[in-house]
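First chain written, first letter: the chains are A, B, C, D and E, and each begins at residue 1.
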Amino acid sequence: MIFYVGAFILIAVGLYAIIIKKNLVKIIIGLDLISSGTNLLIVSIGYVKGGTAPIFSHPGILPQMMVDPVPQALTLTAIVIGASELALAAAFVAILYKHYGTLDIRKVRGLKW
Amino acid sequence: MVNLTNPILLIAVPLFFVFLAAVIAPFSKRATKYLPPVAFLINLIITLYLIPQVAEKGVIVATTAGIKPPFAINIAVDGLGLSLAIIASLLGLIASLYNLKYITEEPQDKFNMLFLLLGTGITWMVITGDMFNLFVAFEVTSISAFGLVGFLRDKDSIEAGFKYLVMGSIGASLLLIGVVMLYAATGTLNMADIAEKIARFSFRQKLLPYSFIFTGLGIEGALFPLNAWLPDAHPAAPSSVSSILSGIMTTAAIYAIIRATVTVFNYSAITPFILLIALLTLVFGETSAFFQKDIKRMLAYSTIGQTGFFFFAFSLGSVQGMQGAFMQILNHSLSKAMLFLIAGAMITQVHSRNIDDFSGIGKKMKISSVFFAIGAFSLMGLPPFFGFWSKLTIIFATLAYTNFYTITLVVILLFMSVIEGAYFFRVMQSMFFGKLKEGTEIKEASPGLVVPFVILGIVILTLAIYPTPIIAVSKKIAVQLIHRAVYINAVLGGL
Amino acid sequence: MNMSLMVLLLTPFTGGILSYLGGKIHRSVRYTFAILFSSLTLVELFFYYNKPVNHFVLGKMFGSVMILQINPISWLFAFIVTTISLLAIIFSVNDMEGRGGLDFYYFELMVVEGAMLGITLAGDLLTFFLFWEIMSWTSYLLIIQGGNKSIKAGYKYIIMSIIGANSMLIAIAMIYGKIHTLVFRNVAMLLAASPHGFDIAIFVLFAIGFFVEAAVMPLHTWVSDAYSEAPSSVSSVLSGVLEKIGAYGLFVLLYALFGVSLLGKLMPLRFPSPTIMYTIGWFAGISIVVSTFLAILQEDAKKLLAYSSISQIGYVVLGISIGTSLGVAGGLFHALNHAIFKSLLFFTIGAVIYRTGTRNLSELGGLIKKMPVTFTGTLFGIIALAGVPPLNGFVSKWMIYEALLQKKEVFLLILALIGSTGSFLYVYRLIHSTFLGQLPEKFKDVKEVPFLMQIPIWLLSLGTIVFGIWPGLAMNVIARGEKFFGITPIKYNLYGFPGGNGMGSLKMINISSVFIAGLIVAYIIFALGAKTHRISQYDNYAAGQVVTKDTKYNYSYGFYMFFGRVVNPVFKWSADKIYLAWARSANVFGDYMRRIYTGNLETYSSYIVVIISLVGFLILLGGKIW
Amino acid sequence: MVKNILIAIGLPLLAFGIGISFMGFKRKIGARIQRRYGPPFHQPLLDIIKLLSKKSDISHGIIYDLGPMIALGASILTIFFIPIPGLKLLTGSADVIALLYIMVIGSLGMGLGAGESANPNSSIGIARALTLMFGYDLPFVIVIISVLLKYHTTNLYAITQAQAGGHWAMWVLPLSAIVGFIVIYGAMGEHPFDVVTAPHEVATGPMAEYGGKHLGLLFIDHAFHVYIELALFVDLFMGGASNIGWFYVKMFVLFLIIVFFDEVLPRFRIDDAVRFYWRWPTIIALTSLIIVLIGG
Amino acid sequence: MEKMTEQQFRTIGNMLRKRSLWMLHYCTGCGSMELPAVGTSRYDMERFGVVPYITPRQADILLVTGYVNTKTLRRIVTVYEQMLDPKYVVGFGSCPINGGVYWDSYAVIKQLDRYIPVDLYIAGCMPRPEAIITGFMHLMELIDKGKATGYKRYKENLEYYKENQRKVLE
């Protein structure tokens, strides 16, 4: 349970950062927090207390003791995707800084309506 | 011997070409630009090959690693998915042909790779039968789209790309959360399996994961008010990319929502809520489009409005509504893609995106302007173009929908179509009958740009002349979509 | 035989395409094709003069068959469509000479013709609406051929026309939602069996669409701009035919879909005719009078004609809305007559514009000496328009008056009669300011228009005489049509109406022959007197002052200014201004609405949170969203 | 047949005679009201002959010539539709409503002719004439409608027949009759409604350029016009008559009243004339119409 | 015989014509003040059929009422030429005869009949209404006798009149 709460707190903090913080880098951190929270959530879903790796060929391990392997696979994928996203975001921020000379999002308002 | 009828090829082929591009890029960056057309052409051929099969079986299922669903990642192509895949391949082909001439900025190899990835992601999204795969496809699409939006690296596109990126990532995370919740509840990721197992949950229990999935996909699908990135991102991208984004990407996201809502969650009672969202999308999109001075921005807002329009039709939940939605999707994809391509071609001549600068160019750029008019007419739903039939179907469906003060809905819909007519006619008036600015030298865009959208225009005209088969097909698709058991049985039928 | 209905419908479209392609070869090819195919349409139409076709299946769409049919009434309107279009095409050969995009113009003209033909031939609402929409936007393209100002006018037109078409669409969809078929007969059956509220809603929605196209007040605001700014031949098509199509729609609505007895049941208030029809009659009556007043005060020849069109179409609608056999016949006959004389007037004014380049009435004058043929055409046109015997406009107006009197719709009768009297004022102003009075020096080299442009003028002038003296010719068709729709036709003969049943009698041949006899007597007296000699227009009474060439000794600006003093206080506000005010407020509202897209990432992200919290809140509420 | 031919020849002559006599009366009575001796009774006839026998004449064009001819032809046409005692004439070919419009032909012809004379005074005169016509037409049609509704017929002859035996419409519909009188009065262009020809403002208006035989035709036309207006009123409201003598007497009485008013009143401005007609006469006529509608 | 009938016809015509003389009320000078008085009930010229008319097309008599300066002459000539035959000119007061009190004015013409043919002069400064009526009676007599032929003279001697007019007007 604590994992779930923790995960959602992480997500909430990430959203908070995106909405409130004016610094582009902090916004990226917010994004990272969200994806970390999500990953935490996925892993915690598959987690069984005291479980082991799900290896069917290994004798003596009951199926209910196994940790669900699927969420872990999902997490791995999600981490990869999140990382690439962050990299792209960082690149954008770098170019934005080149254009505007600042990291303040309040200055980056060329497009509206 | 490759089995041409395996839908996995739809993903595999473009992916292969992406890697191929990565391989040949060090040798010749220019050569990479010939890869997307080839890839999309192959995809188009495959999808066309698939038509008889889908028509016969309803749903064709392809599996990976030889394991039957629900246990492995699988691909399930039904009528709607296939038609969207056809549109995606077609638009991809057209846009990549357009790119040959249009994209001059470096790095071209990266652009082409991203472009191919975008096409892959979209195709993947519409044919996948797996929730997590949907997420992955969604991310592939989004990330390549982020990259393409920011491709020009000027102030506007970077800003738009960044906005898009932040919104898109949040959306992806939300989608993932929803998917995981579903997994936690049902223990499977296969759509059909989830659909079967979810029946034991109450409406309220289902609503939590649904709200996450809906929101996550809604961001990409340009639903109000999650669509705020769109009017920035679509115009900022190169026009060929905009045409893909507007033409098929939002539609693919809407497809995912439709798939989740109808097939997976079996929701019909939720539709009023969606209806409201759709209506708001329509109203805000069209109203904002009316005030635009920038042609691409106007088209982007019009995309929002159109999305609202067909999403509205879908959310009516009736066969006819779905039929109308599908017809409008088809119409919108083709027309809007063409309009963006034409806008791009015009911008290369006018060097401005301001509508006022477009006045009088109809006399110089005859082909472009005429096809612009055709696209706009089709989009507005003027007969004999296809849009007329889809508009008609949607209106009929709306009035058959009796939960509401339906007349009010129809009045809103039609009022919006008046507004749409208003701004499109305004643009066309200034194009055809406005005064040409002094001292500007404008001539028809180069054939490399003209031919692609002319092809699209011919498709639209063909639809205008022979609407009947498509209407019949769309009805079949709608029926298939609404009878989710068919889909579920087809996927799980092997068990 | 059956197949040829399709052939008939396709002829103008084919002609349009061929003339478009032919124009790429040579302009004469374009003209040949356009004229050939539109005359071919007319010829084909005459095959159906006496042979109604009830059911010709065009295809099936949404489970509703799309059928074509032709009955005498559709034949009448199809006749109007094809004739006027043919003449307009002939007229535009010279009139549009030298403008750009002519291939496209002829293409559009023929497509509009085809679309209007399709409307008249439609046997179900879907076909009707399909062609209706095609007609709307193609005619828009025609209107905006007239230059810069016409774009604004066309914009107004297309917006109003889309609104009208959409309103019809709602009604069609409502019907479709009930019975899933749109054939007129089935729709009529549905309406007869439906609750009254539904019927009234359907009626109102359709009526809005038809009112826009027929330019009945208060939905007329596009007319004055569109007619005046469009090229003259287009104006004549618009006024001569497009408006009639609106009237045809109204006729179909009233008699094919609803029927008088059903309308009587809808709102059983005690009026001379069914309440709904009476209401429509009032709309028409008000259009007649108000637009007559407006026409009187115009300075622009085509604007004057445009307002006059609104007024005259009011008679058509009024006649149709009376509901008696006589009224319907009068309305339909007036539709034919109005098409003839209003197109004639647009042609002649077009000819004047062609030669002088202005349509400002106060700049023109004295052209009778230079353009006698045009003058003669205008003369016939205005006499017919003013409803003065012995020309055709009189007969149909008279029928409408009689019908109103029969029904004791006296207040409408007053409006109709007043509108007719008012029309003397503006038609006189029209002919006086262009052809009579002093010829300005700058027009002293003006010549008569080329022969091709004279042809429509001659033919239509002949039409005003023929249908005036022998109204029976038109009544043949109308009476058959009335029988087709289950109305007992009135008694008529070739020269007029024998009367009876509370209706007066009329014999046009007597009126015209006595008039000619009177003219002869007058001429004899005249001829007995001294020989006349022609003098110059400058040899004129000016209280002893010598009129020279540089004196503008002419009264044409503000012709009815004193009359304006009487009525202007009433016309301070207009429907147009009200619509514009609405549009402006909607504009402001929309401008505020779009500000939700602030351009701030923070705001956008918070929208996501808002949506999720909204959904969460809804879950807390209990899952049920509605 | 012979009778028909006799009527065809005799009626215009009769109408002309009546009209010209009234024109003579008018000048004589008018002079007497002004305490003058006045011209001889046959003065209008002399004027007409003089005008027709002028030795030269001008023309501004064909329509200029045709205008007076159309006016006269239309007047001759009109008299055949107004029944005189004992004769139905052509009332079967055109009823009262048609008659209203037949009466207009003349003004239109006149207007065309005056228009071609290229004189602004004529144009203003015609503009005024038409406006005035518009003005008095509103009460007039209301009056006509009340009469038609009262007698359930649109045939003028039938209306006169229905009034036989002293049941004049004048007594049945007094309000309508008053308005009808005011309208006829205005239609004849007497003071205060002589804005059309107002010599001191627009130099006799439409006739400004007309002289010689053209003017002669117009004078003949005017004679007919007087006859038409009076006969119409007599037929509509005073029950026609049983013989020509009575008919003449009735018209004479009516005409006497008109002349009395004419000689003592000043002139309206044209817009005031229209306003006048659209105010009280219209209200009175409407009242009468509503009475007819309610009373059946 | 034919001549005879024509003569008789003309005589009858003149007889009728003289009873209907419409004068063009054209005011050149002070003499016009007397004309309204002629129309009043005391003198009543209408009993002879003399009525003022407005435009030259309708009128038979041109009354030149008083002195004629060169500016006015142009108008008088125009008006005279606009009148239809048969037309008569009546000079009114002494000024048209010899210039009257303006005999030495540079701007006033002295002898009207040098410029247009005058059928009758009514002398006096000003002539009283009785004189005017007498003048009209004389004119009627002249017409009756066929002697009021000014319009013919004007046509016959057009050159002469035009020449004189040109001298003054140019």
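Keep this in mind: contacts are C-beta pairs under 8 Å (C-beta built on N, C-alpha and C of every residue); 3 or more make two chains touch, one makes a residue touch a chain.
Since this is a predicted model, take the numbers as computed values, not measurements.
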Chains in simultaneous contact with subunit B and subunit E: C
Shared chain contacts [subunit B and subunit C, defined touch]: A
Maximum centroid distance from subunit A, chain identifier (CA atoms): E
Longest centre-to-centre distance from subunit B, chain (CA-based): E
By count of C-beta pairs in contact, the leading pair of chains: C-D
Centroid distance [mean C-alpha coordinates] between subunit D and subunit A, Å: 99
Separation of mean Cα positions, subunit C and subunit A [Å, integer]: 68
Centre-of-Cα separation between subunit E and subunit A, whole angstrom: 117
Distance from the mean Cα position of subunit D to that of subunit B, given in whole angstrom: 78
For subunit B, residues that touch 2 or more chains besides their own: 162-163, 166, 170, 231-232, 288, 291
Residue numbers of subunit A (touch at least two other chains): 15, 18, 27, 109-111, 113
Where subunit C touches two or more other chains at once, by residue number: 530, 539, 541, 594, 597-599, 601, 605, 608
Which chain pairs touch, all of them: A-B, A-C, B-C, C-D, C-E, D-E
Complex contacts: residues of subunit C adjacent to subunit D: 366, 368-369, 375, 379, 383, 386-389, 394, 398, 401-402, 405, 408, 410, 413-414, 417-418, 420-422, 424-425, 428-429, 431-432, 435-439, 496, 499, 502-507, 510-511, 514-523, 525-526, 528-535, 537, 539-543, 553-556, 559-560, 562-563, 565-566
Interface residues, subunit E side, partner subunit C - complex: 26, 55-57, 74-76, 78-79, 82, 85
Touching residues on subunit A, where the partner in the complex is subunit C: 15, 18-20, 27, 105, 109-113
Subunit B-facing residues of subunit C, complex: 59-62, 100, 126, 130-131, 133-134, 136-137, 140, 144, 148, 151, 154-155, 158-159, 162-163, 166-167, 169-170, 173-174, 176-177, 201, 590-591, 593-594, 596-599, 601, 603-605, 607-608, 610-612, 615-616, 618-619, 622-626
Subunit C residues touching subunit A - in the complex, by the definition given at the top: 594-595, 597-602, 605-606, 608-609
